């Protein structure tokens, strides 16, 4: 028997009973997973990034398996914010699930528009701002790769949404200086950071002898990138120890989740692992609880950033 | 039976009978692999990056296995350039191996010093300039992460070494804009580019609850990063189609090597795969030859960058 | 609560037998009560490579047939082509091995309430689910004709007992090594007309499904096809497996072939747009 | 040509048997002519997880003993603790499985030319190579005493036939579940003095090797120990497995324990610096 561990966590002013969340884009809007576990048993459902308009996304093939990972190139297919708020959010709240809505845009203005729509929605716990999208106003450069664009997106969302809803800025690891980007968005009003989005990759099909994905490049996720996620979280937590981090990247077991928490994550999103195991979140949550208990932690929160304890 | 394929390749004015090379730091200085295959049967031996002075490197543990990859934190342990040139290079040349010497420094000046020592050495095919090292003159920022530092290193090496020996600048993928860095070093005089060095990562030991590696962070290599390597090579080849690329990152089979070549690599270094299979280079080389033949390529060079053929 | 993947469960199941049949492996699984919810057209998603596998995604296979009456409780049969490393791993697993399955998944072939004339068309291992379907159609009094095609004879899957449930079976191979030389589409129009086919059920390569749709476009016949797109999750959460499908209002949606398929109405699939993205907004 | 890894080869070899022995697995391999070059102290590096494995590095195991006379040609025995996923995979492989080994690797225990008094000290599975060593020492007329230690009795590996090659065997466990309660270092000094030990051969956890070195520092006794550092390649090409070793001139070098070890002279290892980096240049 293991001792009970208080698994609860917070991100800004939002409270969650456990630190295990879905990852945006890896749980659609929740309905599909409800057959495998009650959605209210996990920390939160982070919904697929939604844009202001409905969107077809990228051409197929949209995925390629890689060693211990996969590439995806979905291109933010989705119903648009209005349909999403009308259909998906109410259903999730009915399930008593905690909901973090992920938003994505092509312009600073689009993010603000999305934030305005969210402002009036009650019951959601936080907004995750996926800034790993191409900025159509800046030669398609990904917002999260440019400190100034990142900052402007978050500033716009902060101003529009008011002071209530926690804003979590989701960053890309494909940058030279991640702590600098993190500092910028926190200064602009982010309450927390989501680390990491996928790593840009490509697979070439050796039969067609062309890039395999319809969108040519894709985002690398899964266990392959876990060391990059741990490093990113560790670096950013060291630079900004007070800013809560929602960690993600290759988590497939309770051990992996613990690694991210020790590095500095207050919560852990599970993405690609759900593709291989629809009950991954529950399995990870149970294993994490046991690991924390075995290490004598009475609360999950004591473990957050514990790997930094001897730092100068 | 497959048709004979001309496997030869060039990097700048250096010619190699096959495109399969060792990767710096993954073959020491060659002697250790000679038991498993004659070193002259592969394209070239790229030696472990050598610095001007002998060096102990980083504390142990220096490695951690990760899903389909590994982290290393060797810290450029080595004998220093003088001992290296006195002992290792003559031995390799005696084996009739082609030799690419990798150099590393902590200052722009150190790289130039190393280049000066190489200038007088006959028989080596090229110099690989590993600029993924912390720049002690710039708050330890890795040279390859800063366009200006990268450019200055290559400029110094070019000026010191004269016009004979091809200079291959080895870049880090941990940057926001890889083609920009690549363009900078080519402008400064690099004849070719080596892509990619390891990706910065970390593993936390969940028993000690601290970073597992003595050096805390380490470089991620192996199949896990292959999609990042393919993307990097594809991007840079698209931006600089005339600059030869020595590709590397997770190559463990002939199929992997072919992927990198189709993306734009003129040669392929095999690193981590040799740890799991001491004869990896030979196996990869044979498989690559068969794959090229099966696709009707009469020469390996026809396949370089072939995945770009329908680009605008 | 669940409205999607309604009867799907994840379970460890045992391989009862694994036999080579031509180019394929016929794998029989002891799946217990799962069979109760399996319908022809549904598929299973299987973890491959064991605990230390670098393959992180499940592989999808059509349920060839299920049986409740066997000595083992419910059994499920799969017909697996050793294609890449995942399917080869599965084909190499011995009797007694436990494998991790999620099943049943996806849509099923629509079963008519009246005794219609059905034509079942299978390409390669695509014939696998058609024999189970034939059984059901037969039991409803339908007339069942079948056309199977493949590049070579070893890729025709047509088990003895399966042949019993069909009124006629015609085989085509491209190299002529079995049956007639050519493709299943060769005399399709004649067959449909001559036999007064009401519904075509098809399963096989996308090019075959698309060709069938085009051929019968002007006929009254219904065409239910089981599509095959690369799937990362198989349960609707990843959006990788989408196909362009025409909506009633003429617009096109990218539908997930794992939950809105694999069985779809062939006439609604915009085969011309597969691998592209429709114009305009979704 | 080769000066390093001189007799190492890479080969697929067959598992002849795999038995549980206490906390370990005793694995017998049919390795053919490889045995000819194996010396006590050498190790093998084994690929784990099969073709689709996410584990890309080999695992190192001491060669416990080899035999040329068996019915199978050369056989090699390993004693494997199921520790993490790689060693557990190895322990779960059935008889008849082919595994990929590189062997023999590393340095061997020095064998004296005169009939000396030797004390062999093993910790946990560290006893594995000591029985093969005892055989060789015995055949050279040496007196061979042995001390084995572990946390619990199930982690003492001391096979019947092995006991025959030693003059005395003393067992220590920390929980007292077998032999005496305590550690192998308990009465080490007395034993060395009373029995006029000339050479200590040790294999086991680094802390044990370090403790032995410290205890015998002021004695004339030679201490050959087989160290165990994390190894990525096992053949000297990666520089991950280094240990700080004192040179004759007093300076310290970081030596690769895979090719300059695993057997090293305990007195030259700078145990105080393990996990650190020596001051100054190399």
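Letters A, B, C and D name the chains as they come in the text, with residue numbers starting at 1 for each one.
Operating definition for what follows: a residue touches a chain if its C-beta (ideal position, glycine included) is under 8 Å from a C-beta of that chain, and two chains touch if they have at least 3 such contacts.
Note that this is a predicted model, so its numbers are computed, not measured.
Trainee: Which chain has its C-alpha centroid at the greatest distance from the C-alpha centroid of subunit D?
Mentor: Checked the centroid distances; the maximum from subunit D is C.
Trainee: Using mean CA coordinates as chain centres, what's the gap between subunit B and subunit D in Å?
Mentor: 35
Trainee: Could you tell me the distance, in whole angstrom, between the mean C-alpha positions of subunit C and subunit D?
Mentor: 55
Trainee: What whole-Å value do you get for the distance between subunit A and subunit B if each is reduced to the mean of its CA atoms?
Mentor: Distance between chain centres: 34 Å.
Trainee: Going by the contact rule already set, what residues in subunit A reach two or more other chains?
Mentor: Subunit A, residues with two or more chain partners: 67-69, 222-223.
Trainee: List, in ascending order, every residue of subunit D touching at least 2 other chains.
Mentor: 54-55
Trainee: Based on the touch definition given at the start, go ahead and assign the chain network to line, ring, star, complete or other.
Mentor: complete
Trainee: Which stretch or stretches of subunit B touch subunit A in the complex?
Mentor: So the residues of subunit B in touch with subunit A come to 64, 66-69, 71, 145-146, 174-177, 199-204, 206, 209-211, 217-218, 220, 222-228, 230-231, 234, 250, 255, 258-259, 262-263, 291, 295, 303, 306-307, 310.
Trainee: Mind listing the subunit A positions that touch subunit C in their complex?
Mentor: Spelled out, the residues of subunit A in touch with subunit C are 25-28, 31-36, 38, 48, 53-63, 65, 67-70, 72, 74-75, 77-80, 95, 214, 222-223, 252, 272-279.
Trainee: Which stretch or stretches of subunit C touch subunit A in the complex?
Mentor: 1-6, 8, 10, 47, 54-58, 102, 229-230, 232-243, 252, 254, 259, 274-278, 281-282
Trainee: Mind pulling up the subunit B residues that touch subunit C in the complex?
Mentor: Against subunit C, the touching part of subunit B is residues 67-68, 223.
Trainee: Under the touch definition given earlier, write down the residues of subunit D that touch subunit C in their complex.
Mentor: Subunit D reaches subunit C through residues 48-55, 85-86, 89.
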